[in-house]
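I have a structure I would like to understand better, so I am pasting it below and will then ask my questions one at a time.
By letter and in written order, the chains are A, B, C and D; residue numbering begins at 1 in each of them.
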Amino acid sequence: MPPAHPFDDDKLKEECGIFGVVGVADAANFVALGLHALQHRGQEAGGIVVHDAEQGFNSARRFGYVRDNFTSHSVMKTLPGPIGIGHVRYSTAGSKGATAIRDVQPFFGEFSMGGAAIAHNGNITNADALRRDLIERGSIFQSSSDSECIIHLMARSMQRNIPERMKDALRSVEGAFSVVAMTRTKLIGVRDPLGVRPLVLGRLGEGWALSSETCALDIIGADFVREIEPGEMVVITENGVESHRPFEQKPSRFCIFEHVYFSRPDSIIGGRSVYETRRQIGVELARETPVEADLVCPVPDSGTPAAIGYSQESGIPYAMGIIRNQYMGRTFIEPSEQIRNMGVRLKLNVNRALIRGKRVILVDDSVVRGTTSRKIKEMILDAGAKEVHFRIASPPTMWPCFYGVDTPEREKLLAATMSEEEMRKHLGVNSLKFISLDGLYRAVGEANGRDAKAPQYCDACFSGEYPVRPADMIAKGFELKAAE
Amino acid sequence: MPPAHPFDDDKLKEECGIFGVVGVADAANFVALGLHALQHRGQEAGGIVVHDAEQGFNSARRFGYVRDNFTSHSVMKTLPGPIGIGHVRYSTAGSKGATAIRDVQPFFGEFSMGGAAIAHNGNITNADALRRDLIERGSIFQSSSDSECIIHLMARSMQRNIPERMKDALRSVEGAFSVVAMTRTKLIGVRDPLGVRPLVLGRLGEGWALSSETCALDIIGADFVREIEPGEMVVITENGVESHRPFEQKPSRFCIFEHVYFSRPDSIIGGRSVYETRRQIGVELARETPVEADLVCPVPDSGTPAAIGYSQESGIPYAMGIIRNQYMGRTFIEPSEQIRNMGVRLKLNVNRALIRGKRVILVDDSVVRGTTSRKIKEMILDAGAKEVHFRIASPPTMWPCFYGVDTPEREKLLAATMSEEEMRKHLGVNSLKFISLDGLYRAVGEANGRDAKAPQYCDACFSGEYPVRPADMIAKGFELKAAE
Amino acid sequence: MPPAHPFDDDKLKEECGIFGVVGVADAANFVALGLHALQHRGQEAGGIVVHDAEQGFNSARRFGYVRDNFTSHSVMKTLPGPIGIGHVRYSTAGSKGATAIRDVQPFFGEFSMGGAAIAHNGNITNADALRRDLIERGSIFQSSSDSECIIHLMARSMQRNIPERMKDALRSVEGAFSVVAMTRTKLIGVRDPLGVRPLVLGRLGEGWALSSETCALDIIGADFVREIEPGEMVVITENGVESHRPFEQKPSRFCIFEHVYFSRPDSIIGGRSVYETRRQIGVELARETPVEADLVCPVPDSGTPAAIGYSQESGIPYAMGIIRNQYMGRTFIEPSEQIRNMGVRLKLNVNRALIRGKRVILVDDSVVRGTTSRKIKEMILDAGAKEVHFRIASPPTMWPCFYGVDTPEREKLLAATMSEEEMRKHLGVNSLKFISLDGLYRAVGEANGRDAKAPQYCDACFSGEYPVRPADMIAKGFELKAAE
Amino acid sequence: MPPAHPFDDDKLKEECGIFGVVGVADAANFVALGLHALQHRGQEAGGIVVHDAEQGFNSARRFGYVRDNFTSHSVMKTLPGPIGIGHVRYSTAGSKGATAIRDVQPFFGEFSMGGAAIAHNGNITNADALRRDLIERGSIFQSSSDSECIIHLMARSMQRNIPERMKDALRSVEGAFSVVAMTRTKLIGVRDPLGVRPLVLGRLGEGWALSSETCALDIIGADFVREIEPGEMVVITENGVESHRPFEQKPSRFCIFEHVYFSRPDSIIGGRSVYETRRQIGVELARETPVEADLVCPVPDSGTPAAIGYSQESGIPYAMGIIRNQYMGRTFIEPSEQIRNMGVRLKLNVNRALIRGKRVILVDDSVVRGTTSRKIKEMILDAGAKEVHFRIASPPTMWPCFYGVDTPEREKLLAATMSEEEMRKHLGVNSLKFISLDGLYRAVGEANGRDAKAPQYCDACFSGEYPVRPADMIAKGFELKAAE
C-alpha cells in the first residue's frame, strides 16, 4: 500500500511534492531526505535550491529518483548552506514532447533586492492569461511551466521585500497552490485560500521544515508542529515563524483524494493516520456493499488498507491473492512483440494455489480508465477464481482535476461514460460497487456525511463541483457540469 | 511480503536463481523474464547464455538488476536462438574483494564435441579439494566461483557426450546443487541426491522451461508440470523430456527455509502456495506463543503472511504499523555524518498515529544478527507503543548454512550465543518467542512434526544437523555440533 | 597545427564559435557539422536551436564535444526543421564556480510576435550596467551570461518585428559582438560596428549559412560568399539576403589575434589562407630575429606554420623535434602524487635522438604566462640540446582582452611584468625574440605596417589601445594604459 | 604524424602494445602511462594486471582509451602493488562478431605454484592446431584469442617454476611474438627467435620496465637500456635482469613496417629516431621518383616526416595543404543520409587558398585498399589543384601480414590486383610512385639495400616471403607465392 503503483497509467497522479528547511547545517541533505519521502508525489524529476552566505545560491535539477540523483557526495557538496527548498514532480499531461530540465522546479529569480527560489504544488487555473500578459510586457519565460508566472509577477511587483512581492504575485493567481519559497535567509510557505493542497510545518532541532506531508518530517526526525492553514503565509527565519494572512478568508476545501490515494499511509492528516482513514473507508465500504465471498484481496499496494478494513468489518478472511514483483522498475522494456502482451505479468502475479475455486472480493482504491481492473480480473479468473467482486474505495471518478493532479480527459474516465452496471459488464465481474460520496465523507471523519450546500472538501473529481473556476480550461472548451 | 528486504544485511540470503528454456523463438526474452521473476534469489548480477544455429553461443553477464540489463534491444539482439539458460546471484560471502564479472554465471566451456553452459544454485562442499586437484593437472580457472569446477570436471571426462560428462562431473561433487545446463540443442536440469535446492519443470507452448520456482513459469505463461526429483537429471530437447538417475537414491532433504523466507509467496512448493504455508506458520505461532495485545503488525515485507495468520488465529486485529518506502534502492548513500544514524528511517516509517498507546505484536520471519530487530523495536517505542512483543516465524537460527545460502559466521548469529531470555533482554522487548521446530514442520504439512531420526527437511540452520558433511569448512576449522 | 592545444592553460582562448543555416532539410545536421568544424573556438559546451513548422522551436544544450553530443539519432531527431543556429563555448573566466547548462547558448526568448534564439561571439563591455537596469525593471535572468541581456533588451523593445527589436537591443550594447540569431523563418547575422569578431556568409544549395569561419562552410560543402561587414546586419530567408546598417559607420578593427592563433589554418580571412598568413609571420620573424642554429622546431601544433616559414626564410632545416600524443584528452587525471609532475610528458615527448647535441630554434605562436615555455625548454635541454632559441610569432602579450577572449589578469601575463631580457632569463633559454607589431602587420598584409594613429586591427592585447572602452572592467578597477 | 590516423579503415594496423614494470610503488600508474604512450598500437581495449603482497593479483580490462579507463582513482586504487603488466589491442580481424571483454589481455592463469599473467604482441601461426589439441585434453578456453594457448600450454607443463613453464610453452608456439609476463615477483619479457615484433628494456629508478617502444619509457621518465634480443627471455626481479636463450639461434627479421608506420616517430629503433628514418625514406623517395611541382604536402599525419624529407631533398617547398580536424573521434556518427557522403570532410579539410592552381606532390606512408587515396585526390582537385602526384613512402603492399598486423584479404590490397599504371589510373592522379624495396632498406640503414638471399627484415607484406610458415592460414587455403 505504499505509494509505488504497478499501474501508473491507470491512476490519478499527484503532480508534485514540496519541501524546505531553514536553520540547519547542510540543509540540502535534509531536503534530499524529505523529497525521498515524498517521491510518491512525483517520480519524474526533482530539484533542490540552497543558499550559503559565502557561495550564494546553488541548485541542482535532475530527472529520475531522488535516491539516484541527490545522494552522491559530488552532487551534494555543490549544495552548501543552512537553508534550502526542493521539489519532486510528475510530467505535466499537457506539455508537448518531453519535459525539459528547465521545467523542473524550484524556479529561481534574481530581483533587485536579491534572489528567491520557489517550488509549487498545485495548478494555476488562469496561467495562460497571466503568461500572455507578462510576455506582452517584456518578460522572458524560460520554461513551459505555469508556475514560472509567479516568479515573473514577483519581478514586476513594486514591493520592497520578497514576501510582500510574493503576496502581490499570489493575489493575481487563481487555482490551487501550496508554495515553498526561500530568500537568502527566509523560508516561506503559503497555501491557497481554500487549502486544496497540503502543507505542514515541522520543528527540527533549532531549525524548521515545511513539507507536503508529515511522513517527510518523520524521515528527518523532525517533530510535526501543525498544518499551515488555508490562506496562510508563514515566513520563517532562524528566529521563528511569522504568520500572515494575505488573502480573503474562505471555508476550507481540502482535496479528499489525498485521503483516498495520494498521501502516504504513514502521513497524518487532520490528526489521523492516513492508513487508518483508508481502513475506515474499507469499513464503510463493507457496510454499504456487502457480498458473500471466501476471501478479501487487495489490489496491491494501494488497495491494502481498505481491504483490511473491509475484511475486519465483513468477517471475510483477508488474503494476499495478488503478489507484486518488487523488482519492477520503470525501465523494463518488453523485449519483443511475442511477449509484449504479458505486460501485467511483469508486475503482478496471482497466488494461484490460493485463489483457485474461491469467491474473491478485490478491493481497489479507484477506477480511472478501467484498463487495469480488466486485466486484474482476467488474471484472477485465469487462476480459477469462482467469482470476482470489485469493491472500490472511492466514488466513481467522473471529472478531471484542474488543481495539480494528472487526470485523463473526461471522455477517458470510465465512470464519465458508463453507468455502474455498464461498467460491471465492461469489466466482466460478478459485481462492482463503489463507496458513496457520503460514505467517503463519513470515513474521513464527517459523521453526517457531505454537506451538499457547502461541501467540506474539494471532491470535484467525483461531483463535478469545482471550487475554483478553471478559467484557462473553459477558454479551451471544457464544459462545466450543467446546473441542476 | 514479496522478496525485497529493507534489511538485507540482517537476513539469510539465497544465493542464486536459475532458469532455462528450449524450443521457443527468442529464448533469451523468456530467460530474462524468468530471471526477473527470480530476482529475489540474487540481486547482484545476472547472466544469460543462448545458442543459435547460425550465430553459435552468445552470452551477456552484467552487474545489477535484470530489468536494467536484459531488456534493451541492443543487448537482447545479441542473444539470438531457441535455447538459453540464465542465472541471478548474490555475491558469495567468501570471495575476497569485489566480485568480478567473470564470476557471474552461467559458465561456458568448449569441449571437443561442442560447447556447453552451466548455471548452478547451491554450494559444492568439497570445492576446495576439487579445485586444487584440477589446477595440479593443468586446468586454468577463470573465476573464483566453486561452480567452475563442474565445467573443468566435464572437460576432463572421457565420455562422448555432454550429459554423460555432466554425470561424471556431478558424481565427484558433494553438496547441494540444482543445475541448469545447455548444449547446442539440449536443456539439462539436475538436482542433487537430497534435493536440497528447488528446481521445477514447465511447459511453454511447444517448448519447455526449467526454473528455481514456479513464479517464473507464471511470468512467461508456462504451465507448471512437476518438480524435478531429488537425484534426477532431465535432458530436454524439442522432442521431449528424458529422465535419468545418475546418483544413488536417498531420502529427500529439501531446504525448509525456502518455505520460511527464500521462495516467493506466489510460488508453489509441494502443491501448496508458499503464502499459505507462511500464513499457516503464523497460525501455529499464535497457538504456541499467545499474548494479549491490541494489534498484530508485520515487519514488512517478509513478516506479512505470518502476521496475517497470527491475527486470524488469535483474533487480534491485523494492522500495517510499519510502512516501507517503496523508492528505497540499494544506491542511497547517506550524505553526511549528521544523518548517517537515521539509516533505518530511509527504509521504514512507523505509523505513529496508529501505534501510540498500543500493545503491539511484531511478526518477523527470522532473527539472524538481531541488529534490525533492535532498531525496529526502538522505532515502535519512539512512536509511543505501550508494549512490544516479537513473534518469530522460524526457530532460532543457530548454525550457518553451507548449501548455497549466505549466512554470517556462527558467532554472529544471535541465537548461537544467547538464550531466548538473553535475546529478549538484548532486544529490549516485553516478550520474544520463536515457533518450535515441530510447529514449523506442522505448518509445512508434516502433521506429526519433525521425525528426529530421519528429518524430512534440511533444517541445519536450526538444528545443526548437516545432511552433507561440509568438508571444505571442516578443513578450515568449522566444528560440527557435538553428538548428543 | 590545428587547434587543439596541449597547453590550454597557457594560451589565450577564443570563447565562442557560432553557426546558422536556413533553407535546408534537417538544418540541425548542418549546424552540428559546422560546430564540429568550429570546435577549436569553444570546447566546453555546445547548443543548437532549430524551428520546425509543426514542432515549433526545439533545442539541445550539452557539455562536451559536438561529436559526442550532437551525432546520435536519439538527439538529432529531437531537432527537426529547416532553420537552426548553434554555439560552442569555453567557460567564461569570470563566472563563479562551474558553468551551469543554463549558461550554454543559444538563448531563447518568447516574444508576443513569436520566439527568437540568439548566439553570440564576443563580449558586452557594459553588460553589468545593462543587467542591473533590466532586473530593476522586472526582468528575470536565467543565466550568468552577459549575452542574455540582448534577449531581455529585445523583450522590452516596442518594435513590431524581431529584426527591429534586435537593432534596438544591439544599439544599447557596447563591446565586440558577432551574433547569429533566428526567428521561425529568418536567419539573422550581425557584426559590431568595428567588426572585431569574424562572421562569414555561405551558400549551401538553395540555402544559406552563417559561420564564424570559412572552415565550417567547407565541412558542409557550402560555398564561401563573403564576410559580413563590420556594422552590418543580414536578414536571410529562403528568398534571399537583406542587408541592413543599424549602426553608425566606423573604421574596421578586426582582431589580429584571429590571424595569429584563434582561427583554423584552413580558414580564409581577407582572401588569404590563415595557414599562409602564419607561414608569412614565420618569414617576417626569421628576417627580424635571425640566429645560427641546426634545426627549426615548432611547438606543436600551433607553432607549426610559423616554424615552416621561419625555416624556409632562414634556410635552417625544419624538424619535428617535439611529438604530441594524439590520444591526449582532457579527461586524463594524473593518478598519483608520485607522477603528477610528469604532466607535460602525457602530452608531448621530445624526439631525443634528433635533438641531442643540436642548436634548436623553437617557434611558438605566443607567450602568455610562460609556464609552458619553461617546461618545454626543460624537456629540450634534458634531451641534450646544445642551445635553445625561442622565437615567438606574436609580439609580447601585455594586456588582457575584453572582447570575448579568455585572458589571465594583467599581473599574470609574463610580458606585463618583465622586460624581454628578464623573460629570457626567466625561461632560461639562449635567446628569446618576438616578432614586432609592425612585422606582424606586414605579415597579415599591411605592407607599411601598423598605422599608429588609426590602427587597422584591434591589437589591444599587444598595444593596450582598446578600441571600445571596457566600462564594466573600469568600474571594477581596471586601469587603462596611461596616455603617452 | 603521430599515430592517430584519420583513415583507420585504409591502413595496416598494428594489433598490440605491451608494457610492464617491476620494483616501483604503484606499478599500475606506470603501466597506465606506458599504455597511454602505446595507444597508437591498439585503440580498442586495454588491460592491466598487478600483484600486491597483501591483496594478491588484481586486474582491470576495459574497452576504450587508456586515458578514459585507467586514470580515475576509483579504478586505480583497485590495482595495488609494485609489479604489473598491461596490454592495448585492436580487435582481431578474424574474430566473429564483437570482441568480448574476456578477449582483452593480459590473460591470467592460476598454477599450482602460483598465478601468472601474460600479454602478447604478435600472432601465433599454429594456434588452431594447438587449441584443438588442448581442448581434446580437457583445457577450457575462456576467450577466442589465440594468445590464450600460451597460458594453457604453461598449465600443462611439468616444470616447477613459471619461467621454465613459459619456455616449454613458447617452444611449441610458431609465429611472431613479443611477450610480457609476470608472476608474483618476476617480470618476464620474451621475443620470438626472429625478433619480428619489438620489445625494449628500461630502467626506472630502482625498478625496471619492458615496453613495445621507447616512447613509453620516456613518458614515465625511464632510461632506455637496450632492446631485448631476438630469441631472448629476460627474467627481472627487484634484484636485476637475468637473460635466457630458450630457443635455437636464428638471424633477426625485424618487421620493416615498424619503421614505415607502426612505431611512434619519437621512438628509437636500432639507435635511430623513427622520425629521422621516415624523413630519410622521403629523401630516398625524392631521389628515386622526382617530379616538377610547386608544393610537397603530407597526407596527415602519417605522411608528414617523409614529406619533410622529400621537400628537403627536392627543394620543393613543404606546405600543409591538408588540415586534420583535431576533434575527430571515433564516435562521430554521420547523422543523416544526406550528409553521409561527406565523411571525409569530418576528418580532413583542404587548405583551398593554398592549393588553388598548384602542382601538388602528396606524400603518404602506404597504399592499402586505395579508398582513401582516391578521396584525398578528389578533395585536392575540387580545391583547384593543377596536378596531383602521389609519392608513397613504402613499396606496394601486396601480401597480408600474419604476424600480428591487421591486413585485408589479399584480393582487397590494391597492389595485389593492379600494376602501378593501373593503380595510377584507378586513383586518377597525374603520377603515382612508390619507393623501391632497396630504397626502403637504404633508408632504414642498410647501405647496400636488401640482401635478397637473406633479407635483413621481415618484409613479407611487400615481398611475399614469409619468414615463418603461416600454418593455420595455409590450412584454411591461403596460397604462398610461387617459388620463382
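FYI, a contact is a pair of C-beta atoms (placed from the backbone, for glycine too) under 8 Å apart; a residue touches a chain by one contact, two chains touch by 3 or more.
Model, not experiment: these values are computed from the prediction.
Contact with chain A and chain C alike is made by no chain in this entry. Touching chain C and chain D at once is no chain at all. Each chain gets one centre point, the mean of its Cα atoms, and the points for chain B and chain D are 50 Å apart. Put simply, the C-alpha centre of chain A and that of chain B have 37 angstrom between them.
A straight line joining the Cα centres of chain B and chain C is 62 Å long. Residues of chain A found to touch two or more other chains are absent. Contact between chains, as defined at the top, is found for A-B, A-C, B-D, C-D. Contact residues on chain B toward chain A in their complex (touch as defined above): 1-4, 25-26, 28-30, 32-33, 36-37, 39-40, 43, 65-68, 70-73, 76, 215, 218-221, 264-266, 268, 271-273, 275-276, 279, 301, 304-305, 308, 312, 317-320, 323-329, 331-336, 338-339, 342, 345-346, 349-354. Note for the complex: chain C touches chain A at residues 55-56, 58, 78, 96-98, 101-102, 109-112, 132, 135-142, 151-152, 155-156.
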